[in-house]
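What follows is chain A paired twice: with chain B in the first complex and chain C in the second.
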Partner chain A sequence: MTEPLLSVRDLKKHYPIKKGLLNRQVGAARAVDGVSFDIAPGETLGLVGESGCGKSTVATSAIRLEEPTAGEVLFNGGDRRGATRNDDGTHPNDVTRFDKGELKAFRRDAQMIFQDPSSSFDPRMTVGATIAELLSIHGMTDRGRRRRIVEDLIERVDLSASDYDRYPHEFSGGQKQRLALARALVLDPDLIIADEPVSALDVSVKAEVLSLIDDLQAEFGLSLLFISHDMSVIREICDRVAVMYLGEIVELGPTEEVFHGPEHPYTEALLSSIPTPDPRATLDEIELTGTVPSPTDPPSGCRFHTRCHRVIQPEDMEMDQAEWRRLLTLRKRIESREVDVEQATENLALDDEPDDLSDEAIKSQLRSEFELEAPLDSATAEATLETALDRLVSGDADGAEEVLSSSFTTPCETTHPEFVDHDADHKSACLLHVDDRPDSRIGVENVPQ
Partner chain B sequence: MTPDTDPLLEVANLRTTFDTDGGELVAVDGIDFSIDAGETVCIVGESGSGKTVATESITRLVKSPPATVTGSVRFDGEDLLEASEERLREIRGYNIAHIFQNPQEAMNHCYSVGWQITEALTIHTDASQEEARAKAIDLLDRVGIANASSRFDDYPHEFSGGQKQRVMIAMALVGDPDLLIADEPTTALDVTVQGQILKLLDDLQEEFDMGILFVTHDLGVVAQIADRIVVMYAGKVMERGDVYDVFDRPAHPYTQQLLECLPGTSDSIGGIPGSLPSPTDPPDGCRFAPRCEHAVADCEAGGQPREVEVRPGQAVSCVYYQSGYDASVVEADTGDAETSRGVGDD
Partner chain C sequence: MATENQDRFDRVDWDEIAASRGRDLSVNTLGMLAFAVPLALLGLYDWRLVDEREATFGAIGYDIDITSLEYLFVFTLLLFAFYLVLPLYQNPRRTKHYWTEFKRNRPAVVSLVWLAIVFVGGLIGPLLMNAPQQDILISHQPPVYLSVDQANVANCVGEIANGRCHGTWEYPLGTTNGGRDVLTGIVYGMTTTMQIAFIATTIVAVVGISVGTVSAYAGGWVDEVLMRITDVVLSFPTFLMFLLILYIYGAGIGMFILVFSGFAWGGTARYVRSKALSISEEEYIKACRISGANTYGVVRRHVVPNTASSIITQLTLLIPGFLLFEAQLAFLGIGDTEVPTWGQLISAGRSDLAFAPWIVLAPGIVLFLTILAFNFLGDALLDALNPEAQAETDQ
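Let's turn to the complex of A and B:
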């Protein structure tokens, strides 16, 4: 395999959480928690995930706008090709070890563009001068030459050379993003990291800027790390895509393969929630329960297990998957003492049966709130649930927790899934793929395309 | 539902202008639309289309001055543009509720969420403190806030973005409104959360029998929730109609191109060249003329073309649909768009 342009290895970025008078560190938000990927020369890799998944932090720590906590970022661009590891195991191309001078050179070869292009321009300077400034910082003294290069680039992003002398406020959002592209290109980089570059743009403009990025990438032979929350934009522009959840990559593969046959349940859910512009499309969206957990205390085992619709069932029970999901959610809520018997009683009183506030009525109210119709498919599960609910309504939440935690278990909460290779270059981290489970083909049948 | 056919809301010739240093800015330039009880109408447009100003003109949320709103907005027989500020406050409290893209802006950070809803309830209903509390918890529960009674005393910052929008919806329901105006309520949310909120609105619409006026730029969202669509561009209505008709057979060149801009459509065109006309100096003819590939001399003068009904309920403002023109010139594209976007596309 040819040498990747960028190779990120086990990258971590943890933000310390400090408390108290002594400002002691009490924990860490693990925004990026062991992320690895390669980008080949001329390739576009997409990084997709919901807000808070750490995708932007991957970018900022990979180019050291923030210092990463751990990991390697090997950049083989510029004149750094073909380097080998030092005797002590470190790598001369490791961005995380670059000194000031090396960092400056690296910042010429790797450029970043952001969602808000205004951040790249000084409102008091003409856009041409702002772009040309980069050339003079990097040593080009000939004024006329600087101007010619910048004018040429402004034309390449489909604006006119005379725009050189205009100010940022004179441009629309889409035009400013074009100018930000010109600015990113002026030093002839090998890598561009684009963080949500079209998310703030209107539909009609978004498509234009995307196709411009695509053209320029081919023309300049750029590698692109393209970060977006928008799956349809990713599909338009990326060769491969990495899906992130809570600081980790959960699936990585060629874009079309990932879209057609997602292997990780999270990818599957993400794809199913894209609204299709077709009023006849039935919404068989996979509903994810709950919200994204906090990165300070990520769930044990598979981080997605608190929301996963395919979370694995205990071996001694067999039931409808959706029912199992709801049981597990009930267990988690009881463990965190979030199930409110009083509230259930109140709801009961508000509804139509104010006279019957017996324990049985409260239990069935709780069951209906969690959509756990009696009896459950599995007799074992039914008996366990009843015992737990009895304890809960009699005020013994600890007892309820004990029963549930010992019976309603899943390997997903204890085992952290490693990557499993599917087809060439396509891998995902989900336990369903580990022991050749019969139900391990995910997604293929129910992802709308 | 009452058998009478009067729409719940009927907007006619609505025009909203702003006095600016650069002259009169025409944000909304004489538009008509209506909403029936229990129906969802989507106003679709890009930024600068005037869609937000149009909806904020309905209950005069736009500040005046600098804004001037003319035309008529009939709600349940009453012209809201004639109503006093006091009457409007009442309307906003009971009849027409708003939710916005950024729920945090509409909330008070210094008070607990429960307090804010209870406060609204005691103002708008004659509930006692205790009843209001119970009702507030019930509302939070209905909009899907888990564990509502223990979240009651939490402050806005303790809720995630999606939960905040749920709380806003709960507040909007306080007065049991007939009409909910939702301005890009899911735009700032993650796509998995967006789906949940859209579904919630759908459920609540039925439960509360509300009309919904939904403002968005996202055609995927439109396809999912709209009964009818109004497509706006530069302050004017370009096209309107039943959601199926407009998606299957978009008649206006702007609508057609907008649909083709969607990433993932098989022959996505790479955007619409050009940019929005200046709102202080709009074109004399069709607002879309400077960017329209079909534009002819008649498009450049004489105001926005009169709307022509192309099929029941679907109307379009483009000269090609007027007599003396060959509509098939623009319709030809429609056929393409339809086949390229069929179900089972790729």
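Let's turn to the complex of A and C:
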């Protein structure tokens, strides 16, 4: 196997949360929590996920715009090829250990494009001067040469050389993104990290910029780390795709394979959100319930289990998967004391006959709120739910929690899934794929109906 | 074709370029150095080699002495010329844009003309006119076209008609009780006014911008310490401090400028800090940092220019304060009596206000107009230099 250009190993970025007079650290937002991936020379890796899942932090930590908390970022571009590890286990190409001089050389080999075209250029400098500034930072003292190089480059991104002397506000968003691309290219890098480069653009401009990126990548053999929340953009431009959820990569594989046979429920949900132009296509959009958990206190086990539509049932239960999901959601809400019995009572009083405010009525109100209409498929589950609701309505939330959490359990919340290889280059981290569940492939009907 | 290939971004031999140690000085820096270095040498010569009572150019036969205040003044003028006026000339399109924006504000244009008159008058006036001399024989001459009761004038230069002494063109704005020409006094006052304006502005800008950006970029305890110092500066009773210095050492106009601008940078520092913090989150700063620029480069090329519009406005509005304060001190009789200022003139005329109001009115009106002009100018600059407003109008 050829040496990857960029090799990220177990990258972590935790933002400390400090409180009080002495700025004591009381916790950390684990924005990126152990991410590993490789980018081969000339390859485009897509990094996809919801807002706030840590995609951009991966980019800024990998390129050392921010100092990563832990992990290794091996960059083998420039003339760093073929380096081997030192005796003490460190790697000479580890970006996180680069000193000032090495870092400056690294800046020539890895560049970044940002999301917001409106703030990506200094409003007080001509765009040409902004791009040429990079050349002068790296020691090119010849003014005329700087200008010629930048003019040539501006033409390469399909603008005219006379745009050199114009100011950022004179360009449209798409033009500014082209210029941002020119700025990223001017030092002739091997790797470009594009952080949502087209998400602020409208559809036609988006397509133009994407094809420009594609062309330039082919012409200059660039590697690209392409960050986006938009699956359709990823599909268009990426060779491989990594799906991130809450600071972790959950699935990594060649784009076509991931799009045709997603192995992780989260990828499946993301893919189902792509609108299809076919009016006859059956709408089976997977709606993720619940909110994105906070990275300061990520869920135990599999981080996706609080929202997963394929969350695993205990051995002794047999019920509809959707119902199981709703039961777990109810359990979570009761655990975090978010179920408001009084509110339910009030709603009831507003709705129908106000004299019927019996416990039974409140219970059925709560059940309908969580779409858990009686009776449930499983008799044992029904009995447990009844007991829990009784306790809840009588004001004993702790009791209700105890009942629910003792019987409605899932291995997803206790076991952190390891990566499972599916094909040569395709892996995912989901307990459904762990070996002791023989028929565990998503898409094969493994879930009880 | 070889040269053409040289000028493509992917044909650059970066290892060679990065290894070379060339310095790339801008025209502005070169020009600044070309003038500032001789000035500094002259200053050094004046300080170490020339006797204190001897004129600077005494050795080559010219009886011209340069005071330390004048060295500072020339230096600040050079700064303004090379880092404010020359860039405006270098970016004609942007200058034109600023000018169209600025032109909309008519009072500001008039103010600019007035300030230009004061500036030019202050610069070349003293070269053309002799310093106002005490001459008791011609005291209390009225301004031209005006007259005053003959009893109040000891020796009328103009014609006397109906018992009233009429003014002449020889003393267009009349004379003081000491017989000094008021017009000459006003022109010489312009020099002092401009010295105060330029030197104080430079000191406040340099200290304020330095403290603000260091505070924003260093963070942690450095930020904490600098901002607490700024709090002290903002709440410091500068006037009492000045009185104390005056009492202990005696204080001239130079000390006045130093003390008051030394305690006026608090607001600027606060502003620059907050602006630098918000700008450092902008993507173009990130892009610049990712390109390998060091913090100083980022601050110098991006942060300061982007705070400049508001700093310039703030400084323009700071100058009137200094001028007023100087006038007040002079009026109270604790100003620098060796330097001709408008405040000195006003204070010289206050005892004769009853019959010779021109001594107070002429410099008073000039002072008033100047302060008004700076205020108008500040407002107009705020509108013209504001990049957000600029982007909006262009859309």
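Observations on the structure shown:
Keep in mind that, in the parts below, the second predicted complex is superposed on the first by the 426 of 449 C-alpha atoms of A that agree within 3 Å, B and C clash if a C-alpha of one lies under 4 Å from a C-alpha of the other, contacts with A are read in each partner's own complex, and residues count from 1 in each chain.
By our rule, a residue touches a chain if its C-beta (ideal position, glycine included) is under 8 Å from a C-beta of that chain, and two chains touch if they have at least 3 such contacts.
Computed from a predicted model, the values in this text were never measured in an experiment.
With both complexes brought onto chain A, simultaneous placement of chain B and chain C is permitted, the two fitting side by side without a clash. Of the two partner chains, chain B is the only one that A:206 touches; chain C does not reach it.
Once the two complexes are overlaid on the shared chain, A:136 sits against chain C while remaining clear of chain B.
In the superposition on chain A, A:278 makes contact with chain B only, not with chain C. Shared-chain residue A:153: touches chain C; no touch with chain B. Applying the stated contact rule after C-alpha superposition, one finds that A:333 touches chain B and leaves chain C untouched. Once chain A of one complex is fitted onto chain A of the other, the partner contacts of A:232 are limited to chain B, with no touch recorded for chain C. Taken over all C-alpha pairs, chain B and chain C come no nearer than 7 Å in the superposed arrangement. On chain A, the patch touched by chain B and the patch touched by chain C do not overlap at any residue.
Chain C makes touch with chain A in their complex at residues 6-10, 12, 14-15, 17-18, 20-24, 93-94, 282-284, 286-293, 297, 301-302, 305-306, 308, 387, 390-391, 394-395.
By the touch rule above, chain B contacts chain A in their complex via residues 46-47, 134, 137-138, 141, 146-150, 160-163, 190-196, 198-199, 217-224, 226, 243-244, 247, 257-259, 261-265, 268-273, 275-276, 341, 343, 345-346.
Chain contact summary for the complex, chain A toward chain C: residues 60, 63, 65, 79, 103-105, 107-108, 111-112, 114-116, 119-125, 130, 133-141, 143, 145, 148-149, 152-153, 165, 167, 169-170, 180, 183, 185-188, 220. Partner chain B is touched in their complex by these residues of chain A: 50-51, 172-175, 202-211, 229-233, 235-236, 269-270, 273-281, 283, 285, 287-288, 290-292, 333, 338-340, 342-343, 346-347, 350, 449.
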